[in-house]
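Structure incoming, see below.
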């Protein structure tokens, strides 16, 4: 019973996940600043810590293939308490949208256009995103494959450009720091890039595939994203060495420093393009999730009416989140992971526990009330001409 | 909603958006003819005031670079504009200079940062912080040290680049294989001093007077007759001639790039002077502690493992030879023995090709090759040792030995961390040099053997 | 209010949209009730004369048939539209030869049919009872035979108006491939298509649209290859058109297209029958209009802008290269000038130093900011282009020289614009011509992007690109996404490049109906297997 009925293909889904995670790769200072030289190791640990959550998400998707997380909450926790839980998620999505908008604006302000007032940057970017969201999810995700593949290619290309300055010795010696640093950093990694994939529970009904395969798609998507993040982190450490802890945007510095020759030296152009494309893809998914979640909770017929309203509220929220860049950075390293752990790990675990306890949702091959109720509705979808969508 | 309302809404919405964007002004719009492109920054120490800096900015005077008929040749005009200011920090100086120029200073294209020698002695920390932090300064800009003041270096007109700040990066790109590339960026410098070795090197550049007007050769002959210089300089000259370079000779050692210039305290007239790389400045943490001269530069490069190909001149008994080394491979092993003494095992393997051979007995090829090989090995060893001695004297680990120890055996490093300077100053080096002579050029034997021992 | 008066027209339009007054009556009918022919010849002729007026080219030829009690008849035709020889040989000669012997007072049943099947030497004859049909046929070139005493008339096709002969189309020149082009005559055009697709499944459905022009519009498609939903949707949209005139297929295009406010065309056109036939074989529907040499094809995807007929007649390697080049050139022609503006005004740090110094040098002394320079050059280029189209050919050469010299060289020497801007605009202009179908959208997009990049620099440009891409992604052409083959799918074989013909086993999946495969797979010559 979701609001937007268009379907996207599995490859688009996978690459949406890839873009999502990669966008955190290019803004890596929040964990690289803590663990410095050993960030590559921390990243692997963070990913392993995330895997149980991936399993939980896949299970939820498998059991409720036609429902978004809001609807799942309603069903699992009952009407009242389900709404309360949904409100948490809504807060989460909206805050995520605003934080990412803030990241984009800060980056653009500091390196691309310095003097433009932040609201202009925010408003224009948000307007483009809302335009995409209003056009529906198939338009949103149409370019994800291209953006994902392009950004992977550019990361690899940038690696080759940086080889001249890459010094493997910068990665040595490993494991010299206090153990607490590794734990802290791994915590950040598992919540900020990877944990945010819980957003994809809002997209479940729109993916054209059998429920069993969701886990596979999630795994492939996150694996590709994690691999590219690994490559980028290793490259940055190799090039920047000890100084990596001090930079605010390490990947940008790597790109600035590397270059083929004097003519081809200004490679941060590539980085900026990829950055904007990736942030667009992330924000657009988050915005869609927020708007869709709110309209589901309020039981609206279509989410298009409130989309602009929500976007404007997000912009205002963004401008008021932090009073300075420093508090943003520190909060990202220390405060945010704990908030996110609650929302991304504890809530879904609770949900799954209740689901398994009450034996809800569709199991493999078995039908339940939802199925029977929905089967009539499902036939209606055939009336729409099934043209124009990807295989 | 009625048609009127719809139209009005759309109209106001669109006009508000457009007005905000258009009337508010394109905030970041910088027209090209309103900026002054800074290509070189010089930082000197102010003599009496250790906290202040003397900052010099060199910008390109665009008109002098015009290629079309309309722009004029700029023969009389200086191709650059200098702006100077004494201030506490670099950014402060730039802000002050803003009052004195009609154009906005655009530092994004800064090519090189020149530190005056005196400034380096006091420590370059403030400059390093500015360059790493400030967004407009790029971290890959090269750093050099001026033998003298940076200001003097920036105020001369050099050929063919016209600006010193463009000459220096070009030279670093194209420097011949004898010296090898010594291009240290701000990032490299910071990285080096943060690591356990805590030492870095920067090239020293000196302003020298132009060669062509004087007869260098005559002058050189006169000077050797007068001064009885060391044999080193003679072999330097010999090698210089062989290289077929510009033929600009002076008694001072020079090997790379353009000619030499003597510092002329001229009355601001832009004489054609030249710049020359004269050595390496050794930094221990951000303080300048000493210099390596040309000879020692090569020793340094051997130890760093940066030499791919180079030429060597040898004195073999009464004769001389010139060897071309290529395909060099290095192995460095660092370890601590029981007494916490640092031992470095260093192996060099390379191929040599004989470019010139004069006065060495080559009747027996095998023996000939042995003699040459022995001479090469000795020469390299002596170069390395001279550099090592100097580094030990300065107690600056410019070779990254402590780094290597830390990387492979961090616990052992921690043990000696407290007195790493002393440990470094007394480290022992075992060098093993294996050069194989592959190639003797076109000749198997010297054509001019007959006249080797002729005295004229 | 001032605003209200300014927008009065627009407001009126909005209000009229909701108006549902019935349309005016069809011109050829006098009124709804009296459309039938009467028995009396005089009354019929009077009705017809009233409807047609006193036009001199309408000829009324009185015939007195031979025989006892033979009725009188009038042959009506419009001079210039008919072939007089056919009338003489095929109608008058046999008609006046036969003896009509009719008994006194007897009602002559089926006289019209008898004349039609037994007497006339004409192949295309229709019997009709309606005056409106008589008038329509008359105006299309038929001759009408009205006979006294019967309520039917004979409409005999005697078309003989002059038409342009088949020639090479000016807008789609090819080096290799057929050189026929459609003409203004609908029948010739349909014949050309029939000659290329000799399948019995080829359907030609005719509609008449346009109250005053009465234009015949022909819908051509191949049954089972074209999707029935698209055909139905198209017919529905065509039937909704209620207008005075259809002068050209361009009129129909604007009435049926999916996104009327978008810059990008969702309906394609072509002047060559082989192109139209090829498109129909992929599942599209072609619409031909009498009086226009351009056929429009529906649905149209974004890739079709970059596909030309020649791509399929030359080998795939070079065809792929040229097609890639077209893609690149299209985007270059839109973005070169905006990127130049963005780089030189906002992001000078991205330009290598020596180039920057050269450009800065060129900018010294020019009075306008870069954006205005570029705007001036782009607009003067558009003016030149338009002028070049309208000028008679002999004068055209002179104007092009003047344009080049004045706009380019003199402007630079006078210091009005800088050389790099002129180069950028010149390159843009030339690149724009590689994709002729999109020059309109490219010009407008270019100016929009220029404005955006002048305001917000590279960031604005990135957002502009995103906006354009989002818009492209949301366009649909008759239910099919505009970007179907560009974004990866199985149809990519024919998008950025063209894979060899023997790989294109199936028709484009997104458009085609039931008949999906074109050929047997893997038909290329394999020397090893041939033995």
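So that you can tell them apart, the chains are marked A, B and C in the order they are listed, and the count of residues begins at 1 in each.
Note that contacts are C-beta pairs under 8 Å (C-beta built on N, C-alpha and C of every residue); 3 or more make two chains touch, one makes a residue touch a chain.
Note that the structure is predicted; figures quoted are calculated from it, not measured.
Comparing the chain pairs B-C and A-B, the larger number of C-beta pairs in contact belongs to B-C. Centrality by Cα centroid goes to chain A. Between the Cα centres of chain A and chain C there is a gap of 46 Å. Note on chain placement: the centre of chain B and the centre of chain C lie 69 Å apart, centres being C-alpha means. Our note on geometry: chain A versus chain B, Cα centroid distance of 46 Å, whole angstroms.
The multi-chain contact residues of chain C, meaning those touching 2 or more other chains, are 346, 349, 353, 456-457. Contacts with at least two other chains are made by residues 113, 116, 120, 262 of chain A. Each of the following residues of chain B touches two or more other chains: 21, 28. By the touch criterion given at the top, residues 227, 229, 346-347, 349-353, 456-460, 462-463, 466-467, 469-470, 473-474, 476, 479-481, 483-484, 487-490, 509-510 of chain C touch chain A in their complex.
Contacts from chain B toward chain A in the complex involve residues 20-21, 24, 27-28, 132, 135, 138-140, 169, 173, 185, 187, 190-191, 194-195, 403-404, 406-408, 410. The touching residues of chain A, counted against chain C in their complex, run 11, 108, 112-113, 116, 120-121, 124-125, 128, 131-132, 135-136, 138-139, 142-143, 145-146, 262-263, 265-266, 268-269, 272-273, 276-277, 280, 385, 387-391. Of all residues in chain B, those touching chain C in their complex are 3-4, 6-8, 11, 21-22, 26, 28-33, 35, 37, 39, 60, 62-63, 65-68, 70-71, 106, 108-109, 111, 136, 166.
Across the complex, chain B is touched by residues 110-111, 113-117, 120, 169-170, 172-173, 176, 240-243, 246, 253, 256-257, 259, 262 of chain A.
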